[in-house]
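Chain lettering (A, B and C) follows the sequence in which the chains are written, and residue indices restart at 1 in each chain.
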Amino acid sequence: MIGNYPLHLMILVLLWGYIYTSWSLMGRLGLVSFGHGAFMGIGAYTVVMLWNHFGWSPWAGALAALAFAAAVAILIGYPCFRFRIVGHYFALVTLALSEVARLVIVALRDQTGGSLGATPNSALHGGATAAPGALQFSDKQVWFWIVLAFWLAGLWVWRAVDRSMARLALQAISEEEEAAASIGIHVARAKLRITLISALMTCAGGVLYAQYQLYVNPDTVSGIGISLQMVFGAIAGGMFVMLGPTVGAAFTLLLAEGLRLAFGNRYPALDSTLYGAMLVLFIIYMPKGILGAALEALRARTARPIAPRKSSGMPSA
Amino acid sequence: MQMLSLTKVCAGYSGFQALFEVSVEVEAGEAVAVIGPNGAGKTTLLRVISKLIGATSGEIRMEGASLARVPAHEVVSRGIAHVPENRRLFPRLTVEENLRMGAFPRAARKRYGERLEFVYGLFPRLEERRGQPAGTLSGGEQQMCAIGRALMSGPKLLLLDEPSAGLAPVVVQAIFDLVRRICAQGYTVLIVEQNIRQVLKVVGRAYLLEAGRIRLAGNSREFLDSQEIRKTYLGL
Amino acid sequence: MEVFDIFLLEAILNGLLLGGLLALLSLGLNLIFGVIDVVWICYAELIMCGMYAVYYLHVQYHWPLLAAMAAAVVIVAVLGVILHQFVIRPVLGAEPINQLLVTGGVLFFLQAAATLAFGIEFRNLGVTLPSIRLGEMSFSAARLVAFCVALAGMLGMYLFLSRSYLGTAIRAISQDRAIMPLMGVSPARIFVLASALGGALAGLGACLLVLQYDVHPAIGLSFGPITFLICVMGGLGSMAGGFIAAFVFAQFISVGGFLFHLEWGYVLAFAFFIAMMFWRPQGILGRR
């Protein structure tokens, strides 16, 4: 039995690790989305709004949220891939999407509470610690298992995508769009499928986040701020390896908590400042992220005694 | 007097050597051609002279001074103007703006007006189209504009990379006439060409470059008489 | 005229004033993109730095407002050069998406560093310009000033780009970077120059914004996205396209905001942007 605080940290690492993993499913294939805040926001706000205003159980609410997120993903993804909006342009179109989500939430302030955020009505009456129908649990252990399950499921999806033909095809796409198209792969459809998976997973992450924190705010679940957080978390850890995004989540959280423990609340933004500086350095000098670079170094080291010539002749970067 | 000299120059692209100990000399006032098949390294040779790529070894001298420590953007101030392969005009700048770019070096700016007049005198067509985006010119006009742009810097040595490539036969003729006129104006010219028969009528001397090595050097008469050239390049 | 029409007209005119400002903001970003081929995602954060510079020099150090503003323009220009030399230059050969992301890292950094240095308080210059009445309509003088200065700034930039050797080189380099040395132009120097100019334009934007809005560390997020989207909709790198798109966007925001609510104006503008991308992915005047 571990204390509540470490448990809280572990839940956050797994939850964000799961969300970053979802983002990286697209990111590692060159589909850099700045719009995943929209999917997270859809997940978080749909369940909370349906619960607060219509009394829908978050289970039903989650289904509605997933359907909504799927519709948005297709609405944005299909034309993007159809018209070959890639690279910068894809990033900036999706950036617009995440801002639309945030602004709609703020604009519907009569329902959503605007930028003050909203709290789901409590279902934990009379000392109850669990209300499964309302997806509310005051016991962090329950959350730990739920989040762990989602995180594992996320890794499983990663593996499944890896294994399926789709991945080979998509790698070909990200490397050589024309060539892949000419060997008959339906580029747009393959990209769309990955986008859909990634968006739905992120949306589910938003649901979990809302139900765990029991508080939603447009700035913490939608908008560019959160979209960039996902992008950079995944990059810091390494978006090309399975556990990279999780390492990124752990890294950012431990950095923030460590600095908070060291300096108290005297320097509220010290962690983000350091983190920002590190991100810049990572992207310049270590674009494969912490885990990516570590694995590469490890591979280089283990390869050396066996085949010294080859490994010394290989470029290290 | 010697204008340009390359001594045992080697150069290439990351991991690929394109020139092997190439030595070329150009006297002041002379017109010299470099001929050779596709991929022989002719363009690379001109690029290494204007320092768009660095030489891995060997020496390049312009009027006796080594270019080793001269950065690429100062080569033009040493009197070398390079008309690159495929003309490479700035398509969305007007003709006159392209010419203005040619006069970018500080010393050239002072004489912009007078040189513009000179170039327009040489190519009246360009003056007619001065306000038109260069991308909308015909192939021949584009080549004139590219040469005009190079002349705007007031060079002593003009490097021409396949000025006749991709042009209709009549226009090719016009371009070679032009090159002849430019030589007659006293410019020193180093010209790369595939159109061997024509270029040998314009220049006094030539080099044959094959697979990055100089295979043959001599005056154009010798080239036209050479069995090898006649068989391989002139199809006689 | 009915009251509704008068207010609608007021909204349209206010949109016009806003358009001028947005056009100025997008100009700097477009200039950078056109020349260096990178998007400074942190552009609005540079503007934030400029706003803080004006605020501190004027309010804390009691410099005259215009001197503080001039200094802010210089400071942000220098920041632009620093950004280029230390962040952009190392990734010039890297994948385009890394170039986009690295400036996103700078965005994070500047925002956090501003929070660390200045706190999260909203800071106000304390200068209030009067509002101008025109019949039954009223306009803020700050907006009018911003509009005029933005137009003057753009005109100056236009003249520089079209008349001077350096300006022509800036336009040329976006069309063929590789042969610039043959013209006697050092691309590295043009990059630095463009970064300084882009920074100076951000600084000018900062001076105009700080007259109208409070400065706080997250202010970049409130007009950064709109600035990118204007550039993309106009066609990245196309300054004329950005100019048109700025006025279109501003009308959406202003009139949409008048008819519904401010956020809905933005939502409409963004939705319109997304629709435009599908209709003309390369932007209004863009080439791809």
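One rule holds for everything that comes next: a residue touches a chain if its C-beta (ideal position, glycine included) is under 8 Å from a C-beta of that chain, and two chains touch if they have at least 3 such contacts.
Please read all numbers here as calculations on a predicted model, not as lab measurements.
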item	value
Category of the chain touch graph - line, ring, star, complete, other	line
Closest chain to global C-alpha mean, per-chain Cα centroids	C
Chain pair whose interface holds the most contacting C-beta pairs	A-C
Interchain centroid distance [CA atoms averaged], chain B/chain C, Å	43
Centre-of-Cα separation between chain C and chain A, whole angstrom	30
Chain centre separation in whole Å, for chain B relative to chain A (CA means)	56
Touching residues (chain side chain C, partner chain A) in the complex	39, 87, 90-91, 94-98, 100-102, 104-113, 115-116, 120, 217-218, 221, 224-225, 228-229, 232, 236, 260-261, 263-264, 266-267, 270-271, 273-274, 277-278, 281
Chain C partner contacts - residues on chain B that touch it in the complex	50-52, 71-77, 81-82, 84, 88, 90-93, 97, 100-105, 108-109, 149, 153
Residue ranges of chain A in contact with chain C within the complex	30, 32, 76, 79-80, 83-85, 87-89, 91-93, 95-97, 99-100, 103-104, 106-107, 223-225, 228, 231-232, 235, 267-273, 275-277, 279-280, 282-285, 287
Chain C - residues contacting chain B, complex	165, 168-169, 171-172, 175-176, 178-186
